[in-house]
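Below are the structure tokens for one structure; questions will follow.
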Amino acid sequence: MSTLTALARIEAARTGSAQPLATVRHCHLGEQPLVLIPLKLSGEAAAPLAAMVGTARKDPALLVVAQPRNRDLRFGFAAELAALVLSYVESRQAGTETVPTKDGEGRQRYSDAPQVLVPNPGGITFLRLLGRSTRFRRIDGPYPVEASVPLLGRWLTWLCDRAEQPGSSVLMPMTSMLAGHWATGQSTFEDANLGALLGWLDPPEGMTGPQAALRAEDPLLCPPAGPTTDPGFDNEELAPLLAAYDRAPADQARMAATDRLRRALRRQLEPTWELMWRSIELLRALPEGAHVTGRWEGDRESFTHFAEGVPEGFPQAKRDSAVAAARRLIRLERAQDELDVQRALDDPLVMAEHRLTGEAFAGIVVAAQPDRLDTTGKTPKLRPYLQVRTSDPLRVADGDTVHNAGRKGQKALVVDVNAGTVLLELSSGMGRKRVAEPGSVPEVGDRVCFTTFAADFHRSPVLPPLEQTPWTHGGPPEAYVPGDDEAVAYPPTAADALEVWE
Amino acid sequence: MRESPESLEQRIAGLRSAVRRALAGGDRTAARALRAELRAAEDSWERAVLGGGDPKPVLLPVREQVHHALSLLGVPAAPKLIVAVHDAFFSGELASSRLTSLRRDEERSFRSAPYSRPYYLCAALTADLLAPARGLLVISTWPLPTRIVGPYSPRADFLTSAIRVAEHTLRTGAGGDAVRPLLWRFAANIPGAAGDHPHDADPRRLLTAATAELEVHTGKDTEQRRQAADRARRQLGDVEQLFGARLAAAARAQNGRLP
Amino acid sequence: MTDLAARLDRLRGDAPARNHDARTIAALTTNPGCGRRGLMDAAGIDKDAVARYLGFPAPFGQSQFAIARGNAFEKQVKDDGFAELFTLLRERLGLPVPQVAIESLDEVGGNHGSELRHAQTRRALARALAGDGSTLFDHPLLRLDIAGQPAYLEPDVLAFRLGDKFYVIEIKSFAIIDGQADPEQVAAAARQSAVYVLALRRLLTQLGHPATAVSHEVILVCPENFSNQPAAAFVDVRKQLSVIERQLSRISRIDDLVAALPEEMTFELGDGLASAIRAVEARYAPDCVSSCELAFFCRDEARACGSTDLLGIAVRDDVGGVETLATALGLADGSLAPSPEQVEIAAKLRLARLLRAQALEGVA
């Protein structure tokens, strides 16, 4: 956090209503996100209990496992979920665009990608485990599952892996999305409750933020957004309903029991469903940040690449090799840096954070020599001078290079810093002639902002190619092929035999 | 008298709004109580509409079933194992819930008319205090050392059970889905007894492996049990020798043992 | 009984004392600076009842599914003479085959009395230390003195002897999946196990053996990869141990806190309860909600006085430790003159406010 965010939170607490942390939306929000709210059985790692899924607010699908401890019912649920998720994924593959390649042939890239929204980070953890528990399942052998089940596992795993990439929008927890754009007057701990968070952002008529948040903490009024259910619900409602299902002697009675279970779970899920769509509305109302499209392109790229590999590929490995892990870490760090810079460039409110720390400064151009030439070298070079007055704290010194936040690729050298004015010598971003392109040099009276960090990233290889992996990292990795152990590691081990004991 | 479905429907609707009212008033305790009532009403509605469902009573002689399973094992066993052995080798249903009150019933019967039955199902006795060991059943006609458990007995008895089950399987040629999990339960936890796979739980290999490990423990175990049995014969009356010492007697036993 | 103990008893009034358990002792370490909880715990006050009485019931509760799962897994690992556990210990730690003796310490001839069981535990461990004892000790009853009061720890835990080292084994039902478990749950288990390690060490010291005979590594037994098959993992609890030891030594300095309270004060349920509690200084932090029954009461209090604690330690640090919302805002808009040590943060807050306003203005 920063002093700026802290101040926003304090203001929110004082006024009782949330304060903006962003002036634009920093994530992609497609026309048709898939909202997915999973619930699991308490005490189990990943035993699904129910889910509410859909792309339309008016039309959620409710999936329920009538007895989460029953293996067949669990995989029945996975198959139902697979049908929905896979057809959603397929619908994102409807359109393609051509990306130019070196050989001039061009290749195809999907013009859309899946976007799954879950209530909170716990939802992602659950999907990751569900992916892990389904992608290795076999469609033949002792405990066969439907072909869609392992496929669901692989897609869920892709979504969860991709979600770790900063700036990706394919799978996002709503609480993090909201908290990235608004500050509430409560702690981040309490912000993890979607109901409480939204209470601050959008309190019902006649309520203040804190009142609405307090109300949302009552699990009877606002069931938790999952994936763990409220213990009170478990003990008071769910337990008797599951018992009734187990006791039901005949099909008809079992159907009645299932119906009641569905009604109870629907009541637990519906409030969160509404919160999800209300949150989407709030986020949609923000204009999209300029760099969002570029990052979404990265997501589409990853989607296209993964989708192409699905027909032949194997399920993702259980663990990364040392090299893959190192590569991944570097990639994620790089993406984070990139995201931080892009957010600042897209959003004056984020830039203000950097101005506060002196990594950027903004001010007014008070004097300019747009046609100044540097004649010290063999050929004269265009090097306009700008004098900028600013009230920001300055951390730059003579000889530093700074970047114009308003004009990509424009660099300047700090020539002199003196009592709130900075003298800059522009060195690029003005065209190739000896006279600057019209509009490329700020004029007197313009507001400008310069940063100490650059907007463009060079994508240099940071690790040796795979086959040159040093021995310290285990040498070149073997290609991953799921062996027999992988295949049987699942159903028919001792573990499963023991399950039979229960 | 049974309530009619119609009046139940009405009551359910009434309860629903009562729950909502309680919630609006913030009275969660009342809300939970009302919810429970609501569920009961829904249950009755289901019974009224769908008819049916008291579970059919099971009237099998539990003590005999337990006796069969225990005789097969020949050592003190927990209800879970008894049920598993029963399910693997005998017909009929044995619900573990019916084993809970068994020991107390047996003791009551013995006290009111001693030795009137050919056998009683009792708790094993702990070697240190000669008190009833929780959750372990034995047959009264077994020799006293067998009915006593010392520190090595849980393992020794597990291995003996494995041997007896393997022998029984080989003798009767039993097999299939019912027996395999039982064999595997033993094999998975005895060195050298398991194949790679629950599906090849082999009774012969189990027998060899269990016998080999039992060889390691049996000396110490038998000796401790024998000593405790001597003590029990000296210190305990008939009932106590079968059903265990109360605490006072236990303290006596302990004083007798510790310097 | 010491003076302090007597005074703590009086603070509690007629209510029965609530015993510490490993969970509450471990919780001491999550907000060590809070005198309010330190005092109430030392006096054995039922904080849950207090919170309910004050109209701020604690948001805790356990699902019966989670409880049932935990019990079933523990039972499974211990079934058949601890068969699965022995398999695990033999495979992972090379436990020699002859070592299979088990001492059951969960009752003494049908009696569950704490002192009796604790004495039994001592005897069993003494025998083991003398070289003639069991390998596994099921449900030992350990003891830790807290502020002069014995707290019996009722662990569903095992002590395990290998060579001349003792280990604490904790059976937990959360899953280890591909070698990883939920870090929060592992941390909670580590905190709890550390309490057991400490208590076991104290016991061994009393028996004349070095504390190091108890390993600082505890063995966590959890189901693996969505199955019920148990797996073992070592968890180093040295850090947790030192935190807990430090906390416990501080608790004994509860005298100072008590001395500052009016002689007649009590925490009995009644009209004066809220004000009595307010008289003892608290240190609210948002994560109190997950560790202390009084959290909602203290949060309400923090709200009422507009404390920056409400927003969490990070926010408070970012505004230079300023205590109230009003002060922070006053410094930011210049309506409040900063004290000498606030000059720097005041300047920063003013600038922050200005920059925020500028940025938002641009949008409007």
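Per-chain residue numbering starts at 1, and chain names A, B and C are given in the order in which the chains are listed.
Everything that follows uses one rule, which is that a contact is a pair of C-beta atoms (placed from the backbone, for glycine too) under 8 Å apart; a residue touches a chain by one contact, two chains touch by 3 or more.
All of these numbers come straight from a predicted model, not from anything done at the bench.
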Arrangement of touching chains [line / ring / star / complete / other]: complete
Which two chains share the largest set of C-beta contact pairs: A-C
Whole-Å separation of chain centres (CA-atom averages), chain A against chain C: 34
Distance from chain B to chain A - Cα centre to Cα centre, in angstrom: 51
Junction residues of chain B - those touching two or more other chains: 185, 188
Junction residues of chain A, two or more chains touched: 232, 493-494, 496, 498, 501
Of chain C, residues touching chain A in the complex: 59, 61-70, 72, 76, 173-175, 177-179, 223-229, 286-287, 289, 303, 306, 308, 310-312, 314-315, 318-319, 325-326, 328-329, 332, 348-349, 351-356, 358-360, 362-363
Residue ranges of chain A in contact with chain C within the complex: 1-11, 13-14, 20, 23, 41-46, 129, 132-133, 185-190, 210, 217, 229-232, 234-235, 238-239, 318-319, 348-349, 351-352, 355-356, 362, 391-393, 489, 493-496, 498-499, 501-502
Chain C partner contacts - residues on chain B that touch it in the complex: 78, 80-81, 126, 129, 131-134, 151-158, 161, 185-186, 188-189, 191, 213, 216-217, 220, 244-247, 250-251, 254, 258
Touch list for chain B against partner chain A, complex: 23, 28, 31-32, 35-36, 39, 42-43, 46, 50, 52-53, 55, 84, 181, 184-185, 188, 194, 197-199
Sites on chain C touched by chain B in the complex: 79-84, 86-87, 90, 97-98, 100-104, 106-111, 123, 134
